[in-house]
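All chains are identified by letter, namely A, B, C, D, E, F, G and H, in their written order; residue positions are counted from 1 within each chain.
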Amino acid sequence: MKPKKEIKKIVFQSAEDMPTMPMSIGNMLWNKTGSWRNIRPEIRLEDCIQCGICWKFCPDMSIEIEAEWPVVNYDYCKGCGICAEECPAKCIVMVEERK
Amino acid sequence: MKPKKEIKKIVFQSAEDMPTMPMSIGNMLWNKTGSWRNIRPEIRLEDCIQCGICWKFCPDMSIEIEAEWPVVNYDYCKGCGICAEECPAKCIVMVEERK
Amino acid sequence: MKKVIMGNHALSYGAMLSRSQVIAAYPITPQTQVVELLSEMCADGTLNAKFIKVESEHSAMAACIGASAAGARAFTATSSQGLALMHEMLHWASGGRLPVVLGNINRAMAPGWTIWTDQNDSLSQRDTGWIQFYCASNQEVVDTVIQAFKVSEALAIPSMVVLDAFALSHTYEVVDIPDQAKVDAYLPPFNPPYRVTPDDPRAFGGLTGPEHYMELRFKLQKDMEKVLEMIERTGREYEKQFGRYLGLVDDYLCDDAEIILVTSGTAGYTAHVAVDEMRDHGLKVGNLRIKVFRPFPFEIVRRLTQSAKKIAVVDRNISYGHHGIFAQELKSAIYGHGDCKPVFGFIAGLGGRDITPASFREVVDFTISHDRPEEEIIWIGVKK
Amino acid sequence: MKKVIMGNHALSYGAMLSRSQVIAAYPITPQTQVVELLSEMCADGTLNAKFIKVESEHSAMAACIGASAAGARAFTATSSQGLALMHEMLHWASGGRLPVVLGNINRAMAPGWTIWTDQNDSLSQRDTGWIQFYCASNQEVVDTVIQAFKVSEALAIPSMVVLDAFALSHTYEVVDIPDQAKVDAYLPPFNPPYRVTPDDPRAFGGLTGPEHYMELRFKLQKDMEKVLEMIERTGREYEKQFGRYLGLVDDYLCDDAEIILVTSGTAGYTAHVAVDEMRDHGLKVGNLRIKVFRPFPFEIVRRLTQSAKKIAVVDRNISYGHHGIFAQELKSAIYGHGDCKPVFGFIAGLGGRDITPASFREVVDFTISHDRPEEEIIWIGVKK
Amino acid sequence: MIEIRFHGRGGQGTVVASKILADALAKEGNFVQAYPEFGVERRGAPVISFIRIDDQQIYDKSRIYAPDHVVVVDPTLVEAIDVTEGLKDGGWIIINSDKKPADFKFPAKFKVATINATEIAVRNKLGTLATPIVNTAITGAIVKILNLTKLETLLAAIGDAITVKPQDNQTAAREAYEKS
Amino acid sequence: MIEIRFHGRGGQGTVVASKILADALAKEGNFVQAYPEFGVERRGAPVISFIRIDDQQIYDKSRIYAPDHVVVVDPTLVEAIDVTEGLKDGGWIIINSDKKPADFKFPAKFKVATINATEIAVRNKLGTLATPIVNTAITGAIVKILNLTKLETLLAAIGDAITVKPQDNQTAAREAYEKS
Amino acid sequence: MKKEKKMTLTLPVEELVGSGNLACQGCGANLALRYVLKALGQRTVLCIPACCWAVIDGAFPHSCMSVPIYHCAFETAASTATGVKAGLEMVGDLETTVVAWAGDGGTFDIGLQALSGAAERNDDIIYVCYDNEAYMNTGIQRSSATPTGAWTTTTPVKFPKDRPKKDIDAIMAAHRIPYLATASISYPEDVVKKTKKAKSIKGTRFIHIYAPCPTGWKSRPEDAVKLGRMVVQNCVFPLYEVEHGEKYTLNMKIKDKKPIDDYLKLQGRFRHLKPEQIKLMQEEVDHNWARLLKKCESA
Amino acid sequence: MKKEKKMTLTLPVEELVGSGNLACQGCGANLALRYVLKALGQRTVLCIPACCWAVIDGAFPHSCMSVPIYHCAFETAASTATGVKAGLEMVGDLETTVVAWAGDGGTFDIGLQALSGAAERNDDIIYVCYDNEAYMNTGIQRSSATPTGAWTTTTPVKFPKDRPKKDIDAIMAAHRIPYLATASISYPEDVVKKTKKAKSIKGTRFIHIYAPCPTGWKSRPEDAVKLGRMVVQNCVFPLYEVEHGEKYTLNMKIKDKKPIDDYLKLQGRFRHLKPEQIKLMQEEVDHNWARLLKKCESA
């Protein structure tokens, strides 16, 4: 998995530190939506036909391409199951998250 | 000309006399718009074919029908000239108002 | 009948028990449940009303105005942005002397987007000519809606029933739902002397020149002044029927208090708790929770604050470039009446920041330790 | 260059000299000439600006907000119903910290339909976080627009420049039109630190929870408090360039006055005439015309009213269920500062009823003959 | 301070007349204030407008109730309404009319002048007999009768303000001035 | 006054659980206050809700920071967040889990109870293993462990509040009550 | 001179708009309401937003009308009417016709959303837009109904209106309301017929009436009716009906389509136009006319 | 297992929507913006009114986006965008694409007037409506985009939505804007193609994207893409373009038109429907489809 710029949640300690306008100064990567998941996609790469469909339809940008293969970024994957549903090779299975 | 219900302009002397809501309690007949006129329609009834077109097109309800003939109500006729313009018999002429 | 309901449903019940005839509303967090329950009530026949699912709050108020002008009892509910979008129509309802009742969930104004409570939305409407009630419990919400229709219809002035976002709107509490028959006895059908009907054709709201406008507005103010007495009187009637008095203020231990907290909304209930605690510690503190903000209850506020040494107003709102709004209005109200005791203006709880019993302790500590307020505004709970 | 122009055109000139870049406006009596002249200026190239001929005032303010957020100087003008329709967006501009400048022609609120002057439209916006200037002459209008951009842009708070319907908007007066080059020197191009641009992508106005909202609003208030000093300072700079000082108030013979009239708008000029007359009759009367209402000029008002025995506030507006708004705010401002001298609250001139020198004589007569105001509101010129 | 009231009809440009007068007077360093009736104007309906003139800043923003002079742009109005309402004793009533001053029955405390502005206007191709554009002509008469300013200043003001047929308007004003 | 905090996930009906509890307690004459976290709820994301119980009118409208007890509706949350934040000493932590209380490593000052509400729910056909509807079952456990009210009252409250499969829900609550 | 003939009256005689009102000389809007009320009769409520008609009615405490009027805020004609209708029904009056009566600005621009909302809900009101092609009550500013090329005070001759008139009828047809019609004050019998037809239908009905405005168009008052006729004859404003957004019916077949020149010449607002501009405008008219014919055929 | 093949990527790879955002599991709206920004690239400004996307973006002081956003009031997507575009041009940025990005409620209902105004002026913005057929951000209330028969919290099963979905595309076509297209998140290449086409045109462009919402439709998150495909295949939401309000182009010819039943079955919001009701809905779909085909033919 390619290293993601790890961004911390910004918490202001004082009004002075804040911008004048209500305005963003950081991104949402601190919000590990992987924790929302109750089922997780697992890709059986052996059956994968590299069609890119899982990447194309992931609403959370959580299918990444590494060396031409799809990899799930579990930090953010919310477990919607779209990738598994849409995979033409049926090589993504949704398995129950930690019990 | 048939007698019109003569209505005076209502002027309140005190708040108490007024309705609670901003609401009408009288009509606009006190407002003799005939005084706005600088040209006046005159109907030469001898040429009139009783087609009713002047009555139909008067925007100010100022052509009245009396015994089947058109009569101008000068109290309200604003002198727009539509009746004269539209009269197919060309029997309405616009003449200059008091000089 | 006792029921555990959320504040929003308390509004719905209030509207239902009042036999609202036309409801026009538009959804907005945190008001949605009001509308959802009412649309169910209309769908299943519990309530015989027309529910107009308008395309904006502006139209919601316009439709209520139309319905009320036609002689029907009209209700709507909204919050913050929605209330602000109605602003022009709020002026219209009062200037048109139409007794519409509106439930407003106090939510802070954007931007940034917020759904949390503060009073800037409804208090920004303080100059629109509406009666404003501020509630502290779901029970008060149900009761106040019924009362609001009664007062509004008697004096031809619309009413706003205000409750805090989440702290009331989404909070379940035990509510004694009044009996419909008794409500019917208390609140007869709406029957205005004039209405939009071909049977008595009138033009409402036509062009009004400088020779008449001022008198019409003078009459509005004079009727507004009658609201206070009317609330007290009908509040007693309500008490007779339902055992709960609906007054202008909720005064708690004010008689012998040296410091009086002036509060409103749910924070005014929490203040109660703080007062109890402080009394336990020997501090002579009282709580004056303002329930009716418009018209401002001049007399009773003057009377109840008379003997105190200091007044501490806690505003969950601010008029930028002036003071907290309750503080400002209170000072205007008591100015020149009695001694000019120090009034401390605190601002707390904007945009949903919590106001806790500790907040009031901080308020009282500050008030005790200062002779005069010194600053125009004293901020509570801000990371400066 | 001296020119005889109407108040509405004074607004247009102010906007043009300030090199407004985006104008979005919608017509309404009595504001139309502002827009008409500006659209001509844009059509013939006198002014290099985009003129967006929007379909409502709500969109006018939204477009100004968008333009300002993108870093352009934005101007609009409206009146009464139009201003009221913008209400939600007024909150937006201030909460978003965007220095839009708006010209408002004071017109009473409907219903009944009215096009005549009173201040209820702009004063109903007193809680929206805008700076508010009230003008008494066309000269003041031109100067104030330029000044408003300067102050607003420095502190990221929008401004409203207010003038009376007809009495100013349609009244021709001699105006010294400032020289463009000098205006350019006084008012440099708008260059905000942050703006909507892909070069520095930011999300403006996103969801802001209870942990942050209050601080943002605290900052707004703190900046609002800086406005007063800024107006005085840049007013002096303006004076250096153009020979006219733009201050917070216009005080006339207040120093030794026993009775101070507190006034605003064109009535504040007429009061001047009445004061002269009364001084001729030996009455020690002064006139304190408030030019900046938001933020409220606490210090200077306290200072100037200090030595008077009585204060008579003349409000061309009313907050139904409370007092006239200037009276209310003045009492809040001077409460606890100095002695608690009687403040008499008069209401006059609603819906275009004329306020004449005689009105002020009546006001002063009443004030002299009563020790205390006794009534919450003293009405002038109402047929009761 | 001089206060003048104009009587005309909607569409006759009464406000323009007072505005041109204001322009001319301002050119000579006066302070001026000109304003229309505050209301709904309809073509043909009676309207009024006002001008205040002073050599110092004018603070009074209230309406004019007791003018020093009145100008009647449309002669038919003399019958329709009381043009002397509030007029100060000794004030002028300047009427656009082909009649003589003596033909009007006003109380003696007022001075009456007439000027056939309609005739002048029409002759200078300013409008038609039915709808003459008399506002410039009438200013010529006012300036002369009330001795408010020099003719040249008035003509310059007309030149600045009027974009359609400025010369004809100036000629009309000059003629009226000379005939008054 | 007793204050309880519920931890769950968006979509799990945590608020419904606290509401049912409130209903039951109100039936027995208590004053109650139940409220959700004040914010944006997303399915799957951690959420909380609260209940306050007292035998007299509850004036405190501020949020609960130091609950007497906490209830964890979704066991996976124990790892994800600190469910004991602010929890008073001696307070119960009631967890929906198939594990034993001892399997959880909480400070000794807290009491821990577990109830396999998921198993009970699924067995009563309340949702699936992936998305079990556990809110009624868990109320059974709470009522028992904290000794808040009679089982019958709870069952009556469930009967009033739940329109889909009321009996199954009652059975689940009863089972959880009995197992706790 | 008195012949023994009866006066021909092709319209209902009842006058519900009264004299003494504040319309300008030759006002088309005045005629429009006169005709519509002749069709609807006295059991009608009007909701009138800001527009010339808010003034024409007269000043407090007077009204020139014999039907009740609720004067409402500018942007609320449709929503107020919806409210009035609901209110009347709840107090037991199921019969009164509720009409929103608005100008083009109040319809095409600031009131469009409320109208669209009412149409979507199919609220039981008749919405009539009298179209004088600008904001007249405020002194002639452009609205989105102002035609290409026209002068207004906000589209100065140096830069006249450059956008085509918004096609409100196509927009309302897209809402598939049960009934929609265009009409012109110069064909009063047609106005009356359509209004009566509208009255006989339930749901949201929309009538768009061409109403010349001498003041705003800088035309002679006496030409008002002539202009309203020309505009139909030259197909600038064809007369048609649309049912349920689909069934288009052309009411006035134009055999001998007139060029627009004469029509433009009568109006000061078009005085500045150059022949090239007029040619482009003519092309636009021809194009729209062809499209309309197609819609009517295919319906 | 590693074969020597390249991954097939049919969309631009740049991701301008970031992870960690606050969309629900399987949110179609999230996909919609992801695709649109892939087409437009980073030099884009979004004006987002109140809607789910106002929340998805994240909470102050964070944003999940790599393009600037102006969060604007609910009813102002179009007018704010117009203002931003004008502002950018005046400060010298003539290139940035300004997009109003709004939900169906913000487009069909409360924001319609501002949109109509922008379209009439032909303001140079792209307006994208992602349509999830209800007010979702406030918890699933009916909008005028809600289809007939659907449950929402304000159209309870006892009285489900009884009015048809407002035909916003016909309404916008009636404005004769230069470009209008419908799209579905399940055809991302089509979304990208149309968005790029829109970008290449000046004036007001409107794109209407079907964006399934598992939360509001009571459907399974994994079915979101499937639903977006079915709705095209069964002609409930056909894919087409309209140029200048006249030239209709059908993008996806449907040979084998599917009945709506399967589509309805996947969604809890339609669970209460009886066969008769479904039949009526099918008829409506068939009717609309036939009309669309006709428009496309005659264009």
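Going forward, a residue touches a chain if its C-beta (ideal position, glycine included) is under 8 Å from a C-beta of that chain, and two chains touch if they have at least 3 such contacts.
All figures in this text were calculated on a predicted structure; none of them were measured in a lab.
Participant: Would you identify the chain whose Cα-based centre sits farthest away from the centre of subunit C?
Facilitator: Of all chains, E has its centre farthest from that of subunit C.
Participant: Give the chain pair, either E-G or B-C, that is connected by more C-beta contacts.
Facilitator: Between the two chain pairs, B-C has more contacting C-beta pairs.
Participant: How far is the middle of subunit F from the middle of subunit G, if each middle is the mean of its Cα atoms, in Å?
Facilitator: 63
Participant: State, to the nearest whole Å, the distance from the C-alpha centre of subunit C to the C-alpha centre of subunit E.
Facilitator: 56
Participant: Would you kindly tell me how far, in whole Å, the mean C-alpha position of subunit G lies from that of subunit C?
Facilitator: Spacing between the chain centres: roughly 43 Å.
Participant: Could you pull out the residues of subunit A that touch at least 2 other chains?
Facilitator: Residues 12, 14-15, 18-19, 22-25, 33, 36-37, 78-79.
Participant: Can you pull out the residues of subunit H that are in contact with at least two other chains?
Facilitator: In subunit H, 22-25, 54-55, 57-58, 60-63, 71, 73, 75, 109-110, 112-113, 116-117, 120-121, 144 touch at least two other chains.
Participant: So which bits of subunit C are touching at least two other chains?
Facilitator: 53, 55-56, 81, 85, 88, 92, 95-96, 110-113, 116, 202-212, 215-216, 218, 352, 354, 382-384
Participant: Contact residues on subunit A for subunit C in the complex?
Facilitator: Contact set of subunit A toward subunit C: 12-16, 22.
Participant: Which subunit B residues qualify as touching subunit G in the complex?
Facilitator: 9-10, 12, 18-19, 22-33, 36-37, 45-46, 50-52, 55-57, 59-62, 65, 67-70, 73, 75-76, 78-82, 84-86, 94
Participant: Subunit C touches which residues of subunit G in the complex?
Facilitator: Within the complex, subunit G touches subunit C at residues 42-45, 47, 54-55, 57-63, 65-73, 75-76, 78-91, 93, 96, 113-114, 116-117, 120-121, 123.
Participant: In their complex, what parts of subunit F are in touch with subunit A?
Facilitator: 9-10, 42-46, 76, 79-80, 129-131
Participant: What residues of subunit A sit close enough to touch subunit D in their complex?
Facilitator: Residues 11-12, 14-15, 18-25.
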